[in-house]
Amino acid sequence: MLKYSVFLGNVGSCFDRYCTEYAKPFSLCELFERAASIKKLDAVDLVMTWDMMNQKDEIKAQLKKTGLNVGSLAVDTFANPIYQKGSLSSTDAKVRNQSLADAKRVIDFAEEIGCPIVTLWPGQDGYDYIFAADYIKERQLFADGLKELCKYNENIIITVEYKLKEPRTHSYLSTVGSTLLMMEKIGLPNLGVALDYGHAALGYETAAEAVAMCKMYGDRLKHIHINDNYRLWDDDMIVGTVHTLEYLEFFYWLKKTGYNGYLVIDQFPYREDGRDAVSESAEWLDVLQKAAERINEEEITEVLAKRDGVASSRYMRKLLFGGME
Amino acid sequence: MLKYSVFLGNVGSCFDRYCTEYAKPFSLCELFERAASIKKLDAVDLVMTWDMMNQKDEIKAQLKKTGLNVGSLAVDTFANPIYQKGSLSSTDAKVRNQSLADAKRVIDFAEEIGCPIVTLWPGQDGYDYIFAADYIKERQLFADGLKELCKYNENIIITVEYKLKEPRTHSYLSTVGSTLLMMEKIGLPNLGVALDYGHAALGYETAAEAVAMCKMYGDRLKHIHINDNYRLWDDDMIVGTVHTLEYLEFFYWLKKTGYNGYLVIDQFPYREDGRDAVSESAEWLDVLQKAAERINEEEITEVLAKRDGVASSRYMRKLLFGGME
Amino acid sequence: MLKYSVFLGNVGSCFDRYCTEYAKPFSLCELFERAASIKKLDAVDLVMTWDMMNQKDEIKAQLKKTGLNVGSLAVDTFANPIYQKGSLSSTDAKVRNQSLADAKRVIDFAEEIGCPIVTLWPGQDGYDYIFAADYIKERQLFADGLKELCKYNENIIITVEYKLKEPRTHSYLSTVGSTLLMMEKIGLPNLGVALDYGHAALGYETAAEAVAMCKMYGDRLKHIHINDNYRLWDDDMIVGTVHTLEYLEFFYWLKKTGYNGYLVIDQFPYREDGRDAVSESAEWLDVLQKAAERINEEEITEVLAKRDGVASSRYMRKLLFGGME
Amino acid sequence: MLKYSVFLGNVGSCFDRYCTEYAKPFSLCELFERAASIKKLDAVDLVMTWDMMNQKDEIKAQLKKTGLNVGSLAVDTFANPIYQKGSLSSTDAKVRNQSLADAKRVIDFAEEIGCPIVTLWPGQDGYDYIFAADYIKERQLFADGLKELCKYNENIIITVEYKLKEPRTHSYLSTVGSTLLMMEKIGLPNLGVALDYGHAALGYETAAEAVAMCKMYGDRLKHIHINDNYRLWDDDMIVGTVHTLEYLEFFYWLKKTGYNGYLVIDQFPYREDGRDAVSESAEWLDVLQKAAERINEEEITEVLAKRDGVASSRYMRKLLFGGME
């Protein structure tokens, strides 16, 4: 069974583009306490905003106090308005340099606290309108920046989280294919994919196939964000409330390809209690992982070899409702 | 438990716009035998193409021989190329009159064999390009035709199957709302909705909510087509291979609103054996209906009253994995 | 040529679920000045948040000073967190009553300032998860509330703005069909549709067809919001930067059906200057309306009668590039 | 101005999964005559089905008679039912070997007639259901087959046409990113992308950005299919009837990156006359290319450098309606 982490802010409160405060905000200490109260969690992932970078000692104290590990540190390239038109891909040298500097400071802190992974989610690196970007120049700037960060500290794995869109209407790092393509060209070993289940679904990717592709092209799957959605938008819902069977296939392929990192809960419970919504996802992850463990290697190999929808259907029904027929 | 029917052709073979023959075709007699071999089926639904209209005696003989009932008869307003630009909505009086005449002949045959429902799927009634239709005139022609058919024989229920698109890029009867709206204006009692689960999903409708709306606006849910898809297209897959939880909610609302018609399996098993694919769907319908029967009225009323994603999530997990926690 | 209004906040700054401040906020006075500086605008539409309700005198002063008219007043049923799980459809009597009271206060202010339209955008009236709502009860509550508001002041038109989703994953007032259906049942004359071009596109509606449907079913088109998007999400972009030909058909049908209200610019220019982005939309509306005026009634009647994609294509090309061939 | 080709069958008639014959079929000779009657066409592209492979002499005679060039030859890996579960990716050695043999015969014929490009559209290489494929094994088989074909004749460029889905619910060669990734690993120079404008739109790709990516990663854009759609499905409509501005950006990037191959019209005019629909697309390509030529390098460089939606919007309006303001 894979272990769970959570983005710390997820146990707190949310806002969206209409409503600035669905619920009251929590202090850092409260957030840690709320996370720690969920016994199924092993770790937290931290978005290192400017504010968080100024509380490094407090963070270390809270980690020690709660006994929580750190799944990864994320560089803030999306909430800081300076990056609203791009971070590593920015054609404004000053902005781009600051994003590199910010990332390096996060890498340093990761090393300091023994966290092996730093995550980049280039949510603002893209474009909204056509006739608004030199696609080649900006993609190249991003790739060059990524290379520089990988070389900065070879002990830290830099993972990149792709997403088709939002907050930009189009992201540069949009699909598993385009992300692995950039990594293939850079060719460094400490570069990996942070696969967000919901982002895969949003891009009409089968999550299990995305896992397989990461394996094939450099064994680059290093981090996983987990949540659920209705496929057409990154709804960031409680895990398992929409998809069921696809999760079972996903967990099977994670095992088959040897993934052993965290499953990081990453959701936006606008109208739910954040702590309870995270706890729910952890419960779902338990039952879904257990159900996936019913998959017998010999049996599934036989099913996959058939390449027949009827055989697949029968197998899925057995996995889910085995005892009912 | 609701009973199952199947579109007779579903146990046969398919074609698409690229490949004319994924498998060899079957004779009418073979199709009936294949359907009859699936013990969980109670009935067949028949698309009354020109060819079928010429085999009425053979059809009656096969029904008698196999003991299968008839769920509904569908008027062929989509495979006959004369209707390629519309049937009841056609601005070509000759075409429109023929569609009315064709439908009346099907209504007559329905009465003759004791089938209470005639289905219209106005798949060709719509448009592909903008600047290609007078939306008001054509919608009105469709509504007028529908009224005429309802009045033609008040003992037969005319059900209309809506769908967002395909084969036209845009259909007039596109969503549950626009379909009920037209019916509300016509105001006749023997007019009903044929709800296709996959069409609801394609239109970003929650199937259970579509059921509720049919109840609210005239109690018009009279027939159900069933299959599965990935939401963005009418993939017409084996039931239950994509959606799980949404089916449970759907069956709950069918029960709550008193639906007691057929669940008509309606799929396109291009690369699977048609008979086996239908049999699979019947198996899924059994387990999904059984799982939905675990829903306790008191308990769900309490859950729905909470209007809280966490409570809903917990309830869904219990429904599906009750024994595992 | 139709006149333009703008949601006052549009000339200001935006936030989204990741970044709280893409640009510095503006005062009410500054917003009015910025709007007034765009000469092509005739009016503003105002979202009557709690804060705005407390500045009624200031609003009246600004209107007088700038000479701007008011297109409509919108009730705040989406930014106030009390309505996060629904306003008129809320099963919490206290919340629902407050939403009615809030709406009535806005209606009173509309009458006071001579604004003929009050808009409801029930963005929070819907659900995120399945198994989380009693669809019939909540839809009925909404309809009852709407009726009460229409009866409260028969001189004010209540317009309802439908949208497939967001901020909820599913809205009750989702499509033009379901909205007109509810209105058909309520049957009051001072009830109308506020059609948002982008919401129509998001729901795979052809905007021109939505206009035609509003005409057919009660002549209910009373207000229009305008913006652009990539069809899969309500991107709220500058008008005309994505769609071109569909706007021409839209303006043609607006004229044909006798719409004479405002075109209210409603966009989210996260990374652009709000004032300039609104000014851009006004410029596009001018050129698109002028291009649509090239449509000759005799000629288009002939084209539509053909129901032929080739004829439609030729006509569209002529409209757009007439002088180039 | 780029030259136009057309898939020969496009000037004929179509069928879909409901209707086998929207119009009467044409003979090979008639198809060539119809294509030749469209003066704006320079070439035809030919799908080398079994039937066509048996008419090589007739094809050569028709080419000579009409003076049409050949844009590319496409291997039939999608209409022949033997490939219904995959061609080069097939786990059935017999099927896979036949697909390689078929492709080599097409390569031989291409060399014989002096056609520089052979196209593979792996439409059946993918899967419909989850739990139905070993993604790694099948993707590897496809890549190995592709490599074998490239090495078979280094004078012929093998282009691969990607598409998100259809006829399978999921294709292996799904996006520009995953296609370039496979090519990057294979690393052979006579391997290229056949970019279908509609497939890019279907996958939420900006076509111009896909062109840019092909340039960056191996300069692999070697062939272009052209048509239009509503983004959510491969509607294969007449060029320019949906998208306008995106075509202008697309043509600009084609010029900027030095593309000098054909624009191959590839559409499914179910209800239109095929010849006339192709002729329409050629007319649109003329006006759209001319409009794109208005783009001044200095001016656009300045606009792109701004990275500002307002500047982009203004520029697009100028391109389209320059003379109207």
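Per-chain residue numbering starts at 1, and chain names A, B, C and D are given in the order in which the chains are listed.
In the analysis below, a residue touches a chain if its C-beta (ideal position, glycine included) is under 8 Å from a C-beta of that chain, and two chains touch if they have at least 3 such contacts.
Since the structure is predicted, the reported quantities are computational estimates derived from the model, not experimental observations.
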- [ ] Would you identify the chain whose Cα-based centre sits farthest away from the centre of subunit A?
- [x] B
Task: Of C-D and A-D, pair with higher C-beta contact tally - done: A-D
- [ ] Indicate the whole-number Å distance between the mean C-alpha point of subunit A and the mean C-alpha point of subunit D.
- [x] 34
Task: Distance between the centres, which are taken as Cα means, of subunit D and subunit C, whole angstrom - done: 39
Task: Residues of subunit C engaged with two or more neighbouring chains - done: 85, 128-130, 165, 204, 230, 232, 237-238, 241, 245, 271, 308-309, 312-313, 316
Task: In the complex, subunit B residues that touch subunit D - done: 14-23, 78-81, 84-85, 123, 128-130, 165-167, 169, 230, 232-233, 235, 237-238, 241, 268, 270-271
Open item on the list: Can you tell me which positions in subunit C touch subunit D when the two form their complex?
Closed with: 204, 230-232, 237-238, 240-242, 244-245, 269, 271-273, 276-277, 280, 283-284, 286-287, 290-291, 308-310, 312-314, 316-317, 320-321, 323-325
Open item on the list: Per the contact definition, I'd like the list of subunit A residues that touch subunit D in the complex.
Closed with: 85-86, 91, 127-136, 139-140, 164-165, 170, 174-181, 184-185, 203-206, 208-209, 212-213, 215-217, 245-246, 249, 253, 300, 303-309, 311-313, 315-316
